[in-house]
């Protein structure tokens, strides 16, 4: 499977507003925006919600994490075969809230590739993103942790960080899909992200905690076209 | 919710034989045995399978792990509200394959209690099980890691370990439900476990990897009556 | 080796004021107070400072942590034989800034016992401290993390927490040495700690960051006598 | 401080043969070889031995690990200022026995650079080594974990792995010092490593567990010249 860039990934995190039935409802809103605009929108619900979300919507569903394990004795871990059968087509890796050992990131990317899943590795600064890119995932996302959940968009507050990331990542892999995240809350944050050279955004609270997630996401998607 | 002892908990781990549709099928076999015998049988599938299993069977469904978090920004973590809405009524905690920090075990037990979930803490030896019991979970399970997956039953190979656990745990909490696990593969292993003073067994490969899980589990359940 | 209660343990943490030559100087102040008052005062410097501190002072020196390993291939880990040869006679375990898995705490206590080192396990609340006590270390210390480094003494701000800890720990082991810590900064905090049933205090910034560590520690030690 | 390549780093790990007084003796042997041959030999003893080793020998001393922390409240952690004052001039990072999160590796390299310490990051395969190189440490070392401690030299058993590492790392940073390790036990393993394009070796048991560490290390150093 290949995603058509530009891309918006909506990370559901562990908000109550995106848990269980509310995860399904939010995914439907995202699907509506995707169908109306023709843009690539991915949803990343919690593990226990992947199956219900994936059987309800046709847009791509990602896991928020998988573990670097083979089938067998790994109680409490997340097996790639399990989330794939539940309907996920990709996974976030190394989100700043679920940081991983370097060798495990590499192992998970390899595992995802073997199983045909799309891999999106998160980094907290340009160098870490470059390191992630050296591991050859499908997508790299830069998210300065200090801006996550603030509503202060990385693309506006730290454009240099985004530009540096784009530069160092493209040196290592010219074709890498690059997203940025943290604080993305308005349509213009998305426009700015694209102008800085990225291929889209990774967003969470800006959509999940919005009064009207559909409208905000629609505004984001409309900016992808311009 | 309260479980009636004695109890058999079937830990699905991350075996392919207990993933996705096969998790649902295995849970149905467990439900059949439970209905036929009237005994308490719990199934603990992977996170992504909880919802499908719980909407299919009426026996109790446990998660294999939950994280000590509140709703919010915890990408890739397991939120108690999420697995509860998916249909879980309890959770394993600190399995030897998912060992946790002491303070996190305490926080998870408290969280489970607040949300009305049954907590089953695993320990690798009598002292660790006693420590777990001091945290006041609903169930304590002793599993010597060196016997897990061997088919050599703890109740047969290390009866002293089981007896010691029962003694030190009951000193701390006389009413604790105590299970033992590791290598349980035949009906007589279950009988022996009960004779040593436990209230049942925690089993995984002995059932999941069996050619005919129904028959083995039925044999286990029959021994609970005696 | 046995420590005579009551006890004051001074945790040097990783403050610059207690690193290298300053660790040696601070340990000398602690030794002076101990000799003047006859009270048990323990110092716990960083790993790299243990040898220089232990060859300079005659009071007991603890490590701040050891790993649950045997001699061999454990690059970057802390071997009990190493800190023992450097002169340590005991170790802190599971400090809230170095939290450990339950099974590792058990393994470290066993290792310390085998090698003749004094073990002091820290807990963040009464239940966790009781769990620690079930593992039979030599000393249990209760430190509510939210008060660490605040100068607001646990013995004054949360006397109930200290009393509860003393009660639940003594039920499990009537002879356990129990310390309390967090925010201890004045002599009367020490008096109060003893009145609540503890056998002394675990202190860090209250001494290490004091303008005149000798005077504060002397005030603490004087209160042990009363 | 700069190291002159080629380089041999002797990782003392946590072997009893390289603990305490034996660490000092082994470091003296390494110093003797370095003085006789004029080659760069680095020793990496345990934390508690750094001070005694560094005040005894004049060759460079590395720590086996440091933590990504600032001075303050980090009980049980390894502060860069502490090991620097003890005499270390560099540190291993992310050894396969002490694997770290990607963002922590980045933070530690930055910390080492700020404090003037040499950073040597270990990787378990070519891609991970390339990722490490993207973080701009001073040295990258490739060590396939399955060969560590076997006496089967990576340079002989997996020359392709070494060559691939050299290629992908040099693409990212043409001037990076590249070492290889795992199973290095004879002089010719060192020759082969250099022929494959590396700048030296990272060795542990091959020296530490040798009957005559001086002779083996001398044989290694002699091969650096050729």
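Per-chain numbering from 1; labels A, B, C and D assigned in written order.
Rule of thumb we're sticking to: a residue touches a chain if its C-beta (ideal position, glycine included) is under 8 Å from a C-beta of that chain, and two chains touch if they have at least 3 such contacts.
Owing to the predicted nature of the structure, the values given are computational and were not obtained by experimental measurement.
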item: Topological distance between subunit B and subunit D, in contact steps; value: 2
item: Any chain in contact with subunit A as well as subunit B; value: none
item: Cα superposition of subunit A on its sequence copy subunit C - rotation in ° rounded to nearest 5; value: 180
item: Contact-richer chain pair [B-C vs C-D]; value: C-D
item: Cα-centroid distance, subunit A relative to subunit C, in whole angstrom; value: 44
item: Interchain centroid distance [CA atoms averaged], subunit B/subunit C, Å; value: 37
item: Subunit C and subunit D, separation of their C-alpha mean positions in angstrom; value: 34
item: Numbers and ranges of subunit A residues touching at least 2 other chains; value: 96
item: Category of the chain touch graph - line, ring, star, complete, other; value: ring
item: Footprint of subunit A on subunit D - complex, ascending; value: 94, 96, 99-106, 123-125, 127-128, 130-136, 168, 172
item: List of subunit D residues in touch with subunit C within their complex; value: 11, 13-16, 19-21, 46-52, 64-65, 69, 71-79, 81-83, 85-86, 92, 95-98, 148-149, 204-205
